[in-house]
Amino acid sequence: MKNYRGAVLLMVPGIGIVLAFLVLPLANVVEESFRLFEPGRIGAAKDAPYTLFNYAELLNTNYLYYFVETARIGLIASITGLILGFPIAYFITRRLRAIWRKIAIGFLVGIMFISTLIRVYALQLTFGPTGIAKILSGLLGVSMNGRFYTELIVIFGLLHYLVPIAAITLLGTIQNINPRLSEAAQALGASRWMAHLSITVPLCIPGLLSAFLISFTLCLSAFVVPMILGKGKILFVSNLIYARFSEISNYPSGSAISIIMLVLSLAIIYGVTYVVSKRLVKY
Amino acid sequence: MAVVELKNVTKRFGGFTAVEDVTFSLGKGDILSLLGPSGCGKTTTLRMIAGFENPSEGDVLISGESMLGKRPYERNVGLLFQDYALFPHMTVQQNIAYGLKRRKFDRGALDDRVGEMLGLVKLEGLADRRPSQLSGGQQQRVALARALATSPEVVLLDEPLSALDAKLRQELRIELKQILSAVDATTIIVTHDQEEAMSLGDSLIVMNEGRIVQEGSPTDIYKNPTSRFVAEFIGRSNWFSGKLGKDGDDDLVEFSISKDISFLIHRPDHDAGAYDVCIRPERIRTEDRQDLQQISEYCNHLQGVVRDVAHLGADIHTLVELANGEMLTICQPYTGQSLRQHGERVGLAFRPSDCIVISSTT
Amino acid sequence: MNALNRQIDNLGLWLVWLIIAVTLVFLIAPIVVSILMSFDARSYLGRFPPTEFSFHWYERFFSDTYYLNGLKTSLIIAVIAAAVSTFAGVSAAIVLDRYDFPGKQAIETVFLSPLVIPAVVVGFALLLFFALIGVFQGYPRLLAGHIIITFPYTVRTTLAGLTGIRRNLTEAAMTLGANEWQAFWDVTFPLARTGMIAGAVFAFAFSMDDVAVSLFLTSPDTYTLPVAMVSMMRTNFDLTIAAASVILMLFTIVLIVVLDWIIGLERVIGGGVYRS
């Protein structure tokens, strides 16, 4: 235990990987984000002057729109995911016998583990022109090539991943709530739905918050879902970064967007984690 | 020569002194109990002997050799952990053989020794089980066999029976003592349980706040505690505080606990202003009033009213309130007598020699 | 009042059942559709449901060098990345578990940070970085990207496995004559092994699945299977992709069975995607 030289040696590979493949590249992105870009080049010139233009440009409503859209669609998907995931988690923990519970959990984990690509392609086949696009868009009274239907399919794409994750996150929370509490409320005269609203749901708030946090951050960094299912009509911030690279090679602008996205994601994750941990102390 | 010797051992963690100036020694085959409340430094003492901690001052010697700076595996010490610490991924056989393997026993000698140990703890036939397939008592025996297999110079037992339920504890206590004496192991037992300490140890060291507060044989310490801490920690006791009164016959002196209540005690050999007196519950007899005068030895008599009677199987505990409101517990063996009634008046009798006098300042 | 409550109770119950049923259909139906479609006998991308079944999309997949190349690259990258990440992650986790030093918490946070950094940002940053130092080949770039995104999984599962081991088992080994290294190999390592293997399996799975990082780091002749599938999805309209999906799903099922066998599904969930 006192062998500190051995300890340092063991840390070398990990620190090396993180330095070379994460810290230095990110530092380079920060540097690049302040460089002036001349259209037509690939990336900024070596001696390009420093500028705040790449950040200032993002305040333009056109760009701000991508951030707002990403957050709006992410919010809708996350909250819907919680609403659908909660009853499933409750049902699995409270209503199923051990063997079925294991099968149900296995099913959820299986759905969660399915490759994003398979998921996206399956949804495209099902809700696209080869599937029920005509019927569903007809029912909703919208065009199947319109923006509303596309947005709906993007949300479906997010939900297919978020529902199992939300349900699995909430399993633990619900398991930790004593079922006698809800029974006690009913014995004291509350109806079942009252007991749920006044006892179970408030006790689940920390779990709901962390499930929401996980869902929302996954939405913010979603890439494949809007890229394939959005068909160019719906673009998330991550798609914008990719477009900066693949379409116009404007690396400085891509860098600035990356930095903003990184800061926003980390702020949300660590901020909400802090709030959740503070709240948890109360119970 | 002493097998284990601690010389003025002190251990500090930062500004906190866990063990202070502890000195004791054990000869071959001795069994010592280190007794004290949690946080008294007994576990730290044990860990210093095992080699997990180094003393800040003083020295630990095993067979006359200083152990300072020696790692645990450079000493020959057997340690039985409180929760046994059996390797969950190894069988009983592999657990017991582990120390022998590390000491490079060859295959044949190793198998012989493991078989011998399994016989010693009566677990033949369970050699291929995993620890998780054993009961608590069986796990404890495997842990003991593992600790003894390498014939350690010292065996350290950390709260050996605390993880077992009361009934099993009594059985294993007897067995443990037999096994330890069969292998003539020099043993140190660390415990906070006075029954465990007194029944297993030939000698007893009571520790509090890092220091040794009393040492001696279990009987000696029970009979003559030198401080209120020891008297309270070992056994149950009734306490009176009061003042010395006028001298009686021989070396007796009157001790008054209130205006009207006093009894005789032996004159303390040290002169302190205030004294506490402790009387063990089993030393007090309850007598019907007419009988009281007949026993000359029991020259101390008190009157009281029965407030509670509890029949605990072999013993009867009676709670008696004295005229000044003080409560007194009396413990008598149940021999078929009829129990006292609530509110009944009783006379109490006890001998001056059963009054333990402790100066209030200690 | 009571009658009303009772009606709300019953209505609520029906609503909950409805939500659960619809959600389950939503989760399962697309998977079933894509499996059925992959066996479609028609030679073009027709409407669901298929009228006849055949294996011809699978034959197309296994005779298309574009996909096979991608599959080969994916497997090579995933194996090497999982091996490197596991080696580095296990080493780092051992130190993080057994030693106390200033800044330990910070180092752990940095090691786990690729879990919370958007993959696109990681991919973009690596692209710029490799351009800066003049590396343009596909393999080293892809390997770097896959190692950095799988590394935190191996650190975390190993740490989870190590913290479950009580310190006194190591102490017991040491009183029995084992030094620190022997105690580690005899006691700690066998007990933490499941966590380490789980980390390697996770690393392999996430490497096989990655799109966002790989998309930035491929070169024209070195690309992974998911990257190949993405470009086919955008340009081609046939069902070879459905066949590829089913093959990848089989991988997933095998993986889940393996994970359940090694550590039990409940603990997979305990590990989760995020540390809560």
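Residue numbering begins at 1 within each chain, and the chains themselves are lettered A, B and C in the order written.
As a working rule, contacts are C-beta pairs under 8 Å (C-beta built on N, C-alpha and C of every residue); 3 or more make two chains touch, one makes a residue touch a chain.
This is a predicted model, so every value here is computed, not measured.
Summarising the inter-chain contacts, the pair of chains with the most C-beta pairs in contact is A-C. Measuring from the average of all protein CA coordinates, the nearest chain centre is that of C.
Separating the centre of chain B from that of chain C, both taken as means of CA atoms, is a distance of 57 Å. If each chain is reduced to the centroid of its CA atoms, chain A and chain C end up 16 Å from each other.
Chain A and chain B have CA centres that are 60 Å apart. The residues of chain B lying in touch with chain C in their complex are 50-52, 71-73, 77-79, 81, 83, 85-89, 98-99, 102-103, 146-147, 150.
Residue ranges on chain A touching chain C, taken from their complex, read 1, 3-4, 7, 10-11, 13-18, 20-26, 28-29, 32, 43, 83-84, 87-88, 91, 102, 105-106, 109-111, 113-127, 129-132, 156, 159-160, 163-165, 168-169, 171-172, 191-194, 210, 214, 217-218, 220-221, 223-224, 227-228, 238, 241-242, 245, 251, 254-255, 258, 261-262, 265-266, 269. Of all residues in chain C, those touching chain B in their complex are 166, 168-169, 171-179, 182, 186-187, 190-191.
Chain contact summary for the complex, chain C toward chain A: residues 2, 5-6, 8-9, 12-13, 16, 19-20, 23, 26-27, 29-31, 33-34, 37, 45-48, 84-85, 87-89, 91-92, 94-95, 98-99, 107, 110-111, 113-114, 116-122, 124-129, 131-132, 144-145, 147-148, 151, 155, 180, 205, 208-209, 211-212, 215-216, 226, 229-230, 233-234, 241-242, 245, 248-249, 252-253, 255-256, 260, 265-266, 268-270, 272-274, 276.
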